[in-house]
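Just dropping this structure here.
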Amino acid sequence: MQIVTFGEIMMRLTTPRHQRFRQASNLEVEYGGGESNVAVSLANYGQQVRFVSRLPDNDLGECAIRSLRAAGIDTSYIVRGGKRLGIYFLETGAVQRPSKVIYDREDSSMATLSSGDIDWDRTFDKVSWFHWSGITPAVSASAAAVCLEACRAAAERGITISVDLNHRSKLWQYGKTPAEVMPELVELCDVIVGGSYEAERYFGIEVEDKEDFTPLAKALRQRFPKARHIVTTLRDSISASHNTYTALLWDGDTLHSSPTYELTHIVDRVGGGDSFMGGLIHGLIKWPNDLTYALRFAVAASALKHTIPGDVNLVTEGEVVELMEGDGSGRVRR
Amino acid sequence: MQIVTFGEIMMRLTTPRHQRFRQASNLEVEYGGGESNVAVSLANYGQQVRFVSRLPDNDLGECAIRSLRAAGIDTSYIVRGGKRLGIYFLETGAVQRPSKVIYDREDSSMATLSSGDIDWDRTFDKVSWFHWSGITPAVSASAAAVCLEACRAAAERGITISVDLNHRSKLWQYGKTPAEVMPELVELCDVIVGGSYEAERYFGIEVEDKEDFTPLAKALRQRFPKARHIVTTLRDSISASHNTYTALLWDGDTLHSSPTYELTHIVDRVGGGDSFMGGLIHGLIKWPNDLTYALRFAVAASALKHTIPGDVNLVTEGEVVELMEGDGSGRVRR
Amino acid sequence: MQIVTFGEIMMRLTTPRHQRFRQASNLEVEYGGGESNVAVSLANYGQQVRFVSRLPDNDLGECAIRSLRAAGIDTSYIVRGGKRLGIYFLETGAVQRPSKVIYDREDSSMATLSSGDIDWDRTFDKVSWFHWSGITPAVSASAAAVCLEACRAAAERGITISVDLNHRSKLWQYGKTPAEVMPELVELCDVIVGGSYEAERYFGIEVEDKEDFTPLAKALRQRFPKARHIVTTLRDSISASHNTYTALLWDGDTLHSSPTYELTHIVDRVGGGDSFMGGLIHGLIKWPNDLTYALRFAVAASALKHTIPGDVNLVTEGEVVELMEGDGSGRVRR
Amino acid sequence: MQIVTFGEIMMRLTTPRHQRFRQASNLEVEYGGGESNVAVSLANYGQQVRFVSRLPDNDLGECAIRSLRAAGIDTSYIVRGGKRLGIYFLETGAVQRPSKVIYDREDSSMATLSSGDIDWDRTFDKVSWFHWSGITPAVSASAAAVCLEACRAAAERGITISVDLNHRSKLWQYGKTPAEVMPELVELCDVIVGGSYEAERYFGIEVEDKEDFTPLAKALRQRFPKARHIVTTLRDSISASHNTYTALLWDGDTLHSSPTYELTHIVDRVGGGDSFMGGLIHGLIKWPNDLTYALRFAVAASALKHTIPGDVNLVTEGEVVELMEGDGSGRVRR
Amino acid sequence: MQIVTFGEIMMRLTTPRHQRFRQASNLEVEYGGGESNVAVSLANYGQQVRFVSRLPDNDLGECAIRSLRAAGIDTSYIVRGGKRLGIYFLETGAVQRPSKVIYDREDSSMATLSSGDIDWDRTFDKVSWFHWSGITPAVSASAAAVCLEACRAAAERGITISVDLNHRSKLWQYGKTPAEVMPELVELCDVIVGGSYEAERYFGIEVEDKEDFTPLAKALRQRFPKARHIVTTLRDSISASHNTYTALLWDGDTLHSSPTYELTHIVDRVGGGDSFMGGLIHGLIKWPNDLTYALRFAVAASALKHTIPGDVNLVTEGEVVELMEGDGSGRVRR
Amino acid sequence: MQIVTFGEIMMRLTTPRHQRFRQASNLEVEYGGGESNVAVSLANYGQQVRFVSRLPDNDLGECAIRSLRAAGIDTSYIVRGGKRLGIYFLETGAVQRPSKVIYDREDSSMATLSSGDIDWDRTFDKVSWFHWSGITPAVSASAAAVCLEACRAAAERGITISVDLNHRSKLWQYGKTPAEVMPELVELCDVIVGGSYEAERYFGIEVEDKEDFTPLAKALRQRFPKARHIVTTLRDSISASHNTYTALLWDGDTLHSSPTYELTHIVDRVGGGDSFMGGLIHGLIKWPNDLTYALRFAVAASALKHTIPGDVNLVTEGEVVELMEGDGSGRVRR
């Protein structure tokens, strides 16, 4: 069975060697985006994945497609059109200096996508899982509308829907707030990944004790009764170079938890959440009866992502399992 | 006395070592644009130059300003605002494969400039020369309007105005044709640089014998009586790597011509016209009574530009004169 | 309908900037090989292509596959196994210094391929064209045996077979000569690309006048009556940096010829023949009734290849046609 | 009001990626020096800054000037002359391996500067603050003499003078000791930055308890009664990659202290003191009545410098304040 | 007196900046191997060293020799012949992701070395120390045979023999186990470096308490009575980026120990053991009566290696002593 | 028998990719100099070579030595001392833009060499050929004095002496002219390489017809009767990218000439003369009875140098002979 992820893939332009923007005489080029990063993770674990988006019909759109095809993703459902590929500029921080993102994605082909552009019948043929994130409805009104179209089409076909709530404060510039847009979309989801920050901004759900996930999970379930798994990741940022990372999953009954990874020193933090999401979907599909194992897989996958430059997580299932099973010593394999 | 050039400066992202876009894992970053390139040439020759434009109030706008300041240009007349820095992607061709430009400059801070944004009184204080090009009115209706505002303000103050007609077929997307926009602007100019291609598209002026510049120059003078110098450059493209380059200047009386340079193998052809324009303005200011010398200076300057990577011409007056005076042997200076 | 190409894809390690091997502190990595290069060309022109080979089941084999997938080639027919990925080291020459190849491909997964490893039934399903080259039977006895297996399977199914005779003097180290191996294979082919050098070494065919292709073509047809198109390319090497390139095709009746391209200065000469072959197959499929046009397409495609770094030709059909239709001026597209 | 800093700017040639000198096949080029680094910091915070020095009249001197102009520094007070640009080679250490500096600055244009070369009347016009460091008098007798000339000229005009005592053991090769040269210079200063090491070597001031700064500050004030602020930075080097950093300021009454930053892992430690100095001058000018805040600003600025490659601190006032106000988490800004 | 080390030197191809293999568009090239790395360390400390091996008679073999000559090693005892230079591919890990080595050394010139290829009489002329490691007999049966030949020749001449037991699980592919091969070789050695892992696999020696080295050392001495020094290194891998490192030496009487170094964050871990070995041989030669000092030298040398990219340890005796004598602060030397 | 070359080796810092100095964010590092470049050529042809010079006792001096050792040169006669390694900065030109050298070699260790520093007895032991060039006496009075010391010591021992007259206009800054210094030195030489330019400046020898070498050669022989071979190279600079190159040798009787090579497009012109000199010495030693062959070897060697980046000529005797014997086609060797 196939998995579909839907969202925007952008050109990522990164300053090398912790340079600030004004120091860079060249920029590293890659192609990434929340939902395409999830697709790459899934393909690496051996899943059959389709990535759906809209890309301009020029060489840069072609470059983005090539990067996806290289990863083994089916790109034949991508629509070509619109004026430009979204871009994001990334300055990689260190120690107390945060990484900095400059988005240049307005009026991208994905932002100007319209209802009807994507043939959801064809796209969802033989599909069992659909994934989207809070970034897409944040991009433009029409992207939000197509996202709703997609969720409804998926729900009608009984496809499992997962969402990463993912709030990006620099987006949501088109005149609507997440609170106006997100509830209708999230109602259709089976798996929700998010935290108290999004719960408050998107749904007005506030909990007293932010340290305790169960009340928040219960409140989300009450509001979104279709959601069978409520998941959150917990990142403690000691510095831009040193984080800890763990996650929790509430299945309506039990709160599953994972070990905490000490991530020092992070090679590239971007895509850390997407690699968790990719690991979680794979885990839920492969080990549906061992939710703790699925969650631990997702967290170990994300830990490995922090050691790899770029947006995407280039690890196999075997490599993740090796870390899960306890070997974080990093001894040379030779 | 000061010179003002007005236009858009963009981020230029170039594939290294003749790579095609899909091969590039990093892109070389620079900041350039027709009129800012002219400003850099003039500053290199020791002129006092102000560059006027609109740039976003973010790190990328700051990067563009830093590159201009490094060159010794006065950037204090630049207006900050708008959403984004224009970008252009460049794939460097070779032999029979042409270089390829992908413009991503729509909705840039310069394109969304409005009337009144620039204080022309302050900008033109102590200024004797104003330069613009056909690219600015091609970008957007409002840029065209501000360009007209600028030309009128300059003309009122008796400032010499030069224009490089410079047609870019991928621009002019905002609903007007050059024929609707350009004549009113060019009427105010004292120096016109352009060829039969622009004369036809912009002004409907056609001449029978395209090999002979005098009839075209005369027709332009008749249409634009204020223009005291009508200038054209002649480039013969044998391949992307091998061009010849020369120029002609008609002063109402006499047709001045320059030697022809054999440019093989070109290091970077982009900015070749801008370096000619920079050389011409400098030549006309410094040697007003020797128009042939001024023209020869401009052509030699442009020849040297073709040997330098990037948009801008990094040569001194002395280096140009050395080439003009006959030493094109390229012997090592040591 | 599908096309299959069969052969070895290797890791190519190239010294940058014309360095000699002893100067290189890093090497550029790519993946290429005669027949996979043909596959990439075909995919760029919009053909459906399968590349068939044997690759080791390690990260390096995976890298080779990713490069093919990026190009849009179907890699699902590749067999995994064997010990190592073949490697070739390339030192890029210039002027009077030739480029130098060091092969390190012995005992590669492809060289140790055995009969039965590839399921030709499945591989040739829905296939109309099969391409191989003289490199594969030169690699090892078993590769030669599988090559014969492939040709027979293709011939039985009525699939068109093309061969690039391609002699590599550093190969053929396994105890057989081309004369012992090649005739049986070439007998099954419909399209033969080669020259007097291979005709002599492989088949003992000598012609008196090496300037005149027709007698050679006729001799080849006599020996291999199935061959409907006999094709040769003519490269004049003025230096490592400057070649001329043209080609001839004899269809049994008429000798078709193409224009001659002046290739100066070559960016990367490796893969020039493969890009011709890719263009020729595409041309023969798309314009079967205009053999001159097909040949001209192949030659123009190859001319463009010489301007692109790497083994493969990254050009579209449109770009080739643009050059064929006369514009070799290399003017910037903007 | 304007600030003047005076000293030597050099070409800095750094081995990339922690390479030792013998491994480097290329070196990163930058331009930096104690006092020009201070100037860059001040310009980044919006101050008007002039940098004064002597540079050779060749392309390398021009490169140094361009780097300063890019930063927005007024370079029109720099004198051109002398034979060469000073150079320093830097090998970046890690863990237990220290960074290593090879100075090649003898007979530089700055070292051969003579009295009268700089027109202090013009240089100090409209200036309210003058900064120099202990490096300049260490370079040559004539540089020391001009430094005294500068301090006297500044003191006469009532300009605030700050000094970073900065001992460099590889300098002071011209026959005088710091103890012979420094006291006369420091007497004229209003702000002194230094520690027990310099106090002892320069002024023979020894204190018993090196952990307690107050006695040292008092002793310095007694010796240099003009000094209203005595400041020291405290760096604990756990390894080349991991330091802690804090500072103290004694204002004659009160000892102000800053938080201690944990700097792990340092990207580039060079220029850490200069970035402190730049932050301190800015702090003392902007918040003259909140010396603790000024000191905390300086320390936070320096903490950020350690995360940026190169000699200079490329941060805005806003970025420093953000860190001061408690957010050292390094979370991505997006 | 001369030292001889004997083994294989390979081309090392490393992915830059923590990239995974599939991300690399170029690979860093170096030449290294266990025993040649030891030779480089020794040459850096001023010892006279000969490296003995077999290398192909092509440009790549020449490159390996040049790298050794640059280090000051006598390469005139190296035999040329065989088909290929061994290669190893290295992907540099970080944090929880281990570094990964892909060996491509089968059928290398060293693996196909035969008895009689090396003239041990000439090689051992004026030699006082011979070093080999457990890698050489793991490569092929013939390499193991020549290794035995070497050890016997050395032992006959009374040359001190040292061995680093060094188990590589990806080798030993030729049909014999270490237990069949190693004992006969180790019997001839005077200095043995290894741990419980090798003791068990090679000699079937198991000790109960793996924390206590003395029983293991005693068991090894009992089995190999010629061995006067039994040495082990203890590495605690907290992550791929963070290790601790120390060592123990048992001289038949006393257990000597060194301080433990905190290695965070490791620049390049490969060659850490070889740099210990090089330091130990130098220490035992230079300070034969202070075994603790010799051991501490070896450990400090190895600590420094972890801060240097590449296989070899580029430090002088003076630099190691500086660290041994307590300064691990990494303060800039300027 | 051994060859000695004597002169200065410098650090060469080159801007990459035809960048001008102000564009370079990194510089390529190499070590080269006229006479050490000759030594490298000779070592490549299998000669035993000693290079003699004075180098600072720091890491940069060590780097220069390592580069020579890598090439197989005996560096044990180099004296360590003095303050600094000479540097030269190189900006690589193209087309009409000349390459530009900035020397920064004053007060280098070689320039401050004194009489007695070098033990010529030991240096010339078992030596049959000594080579120096006009650069060394141009550097400083003491270098000139030591050069004379060397020539006399060589002449006394009957060692063949060759000189490349090599005028560098940016040197000779120490108060003497070549005419005062060179004659005494050249009197001792057996082989003189130079042209009319040096003959005039150094010896006041003028000839009427500069096209005809014989009269000049005769005049030089008359003045320097010991010189048995008078040689000149003829370079026609069409542009910085395109030269032709040939040479003439007069043996007292006959004028030997070589073919003319068309060098287009030159990769690196620096070291072209040194590679000729290295080829000539090798040719005269190996083919003493075929002076035409020796000369042709030298010219072909130099032609190949122009295709290799850097100061030194990295070609084998076999590669030069291949070109001499007529194959300049640059066909790929595979």
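Going in written order, the chains are labelled A, B, C, D, E and F, and every chain counts its residues from 1.
Assume a residue touches a chain if its C-beta (ideal position, glycine included) is under 8 Å from a C-beta of that chain, and two chains touch if they have at least 3 such contacts.
Chain by chain, the UniProt names read as follows: A, B, C, D, E, F = 2-dehydro-3-deoxygluconokinase.
Quick caveat: nothing in here was measured; it's all calculated off a predicted structure.
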{"item": "Chain at maximum distance from subunit B, centres defined as averaged CA atoms", "value": "E"}
{"item": "Of all other chains, the one whose Cα centre sits farthest from subunit C", "value": "D"}
{"item": "Fraction-based call for subunit F against subunit C, same above half, different below", "value": "different"}
{"item": "Distance from subunit F to subunit D - Cα centre to Cα centre, in angstrom", "value": "45"}
{"item": "Where subunit D touches two or more other chains at once, by residue number", "value": "20, 22, 25, 66, 100, 265"}
{"item": "Subunit C contact footprint on subunit B (complex, rising order)", "value": "17-20, 22-23, 93-101, 103, 168-170, 237-242, 265, 269-270"}
{"item": "Residue ranges of subunit E in contact with subunit D within the complex", "value": "261-267, 303-304, 306-310, 314-315, 319, 323, 328-334"}
{"item": "Residues of subunit A defined as touching subunit C within the complex", "value": "66-67, 69-72"}
{"item": "Interface residues, subunit A side, partner subunit B - complex", "value": "13, 16, 20-22, 24-29, 58-60, 62-63, 66, 83-84, 87, 89, 91, 100, 102, 104, 106-107"}
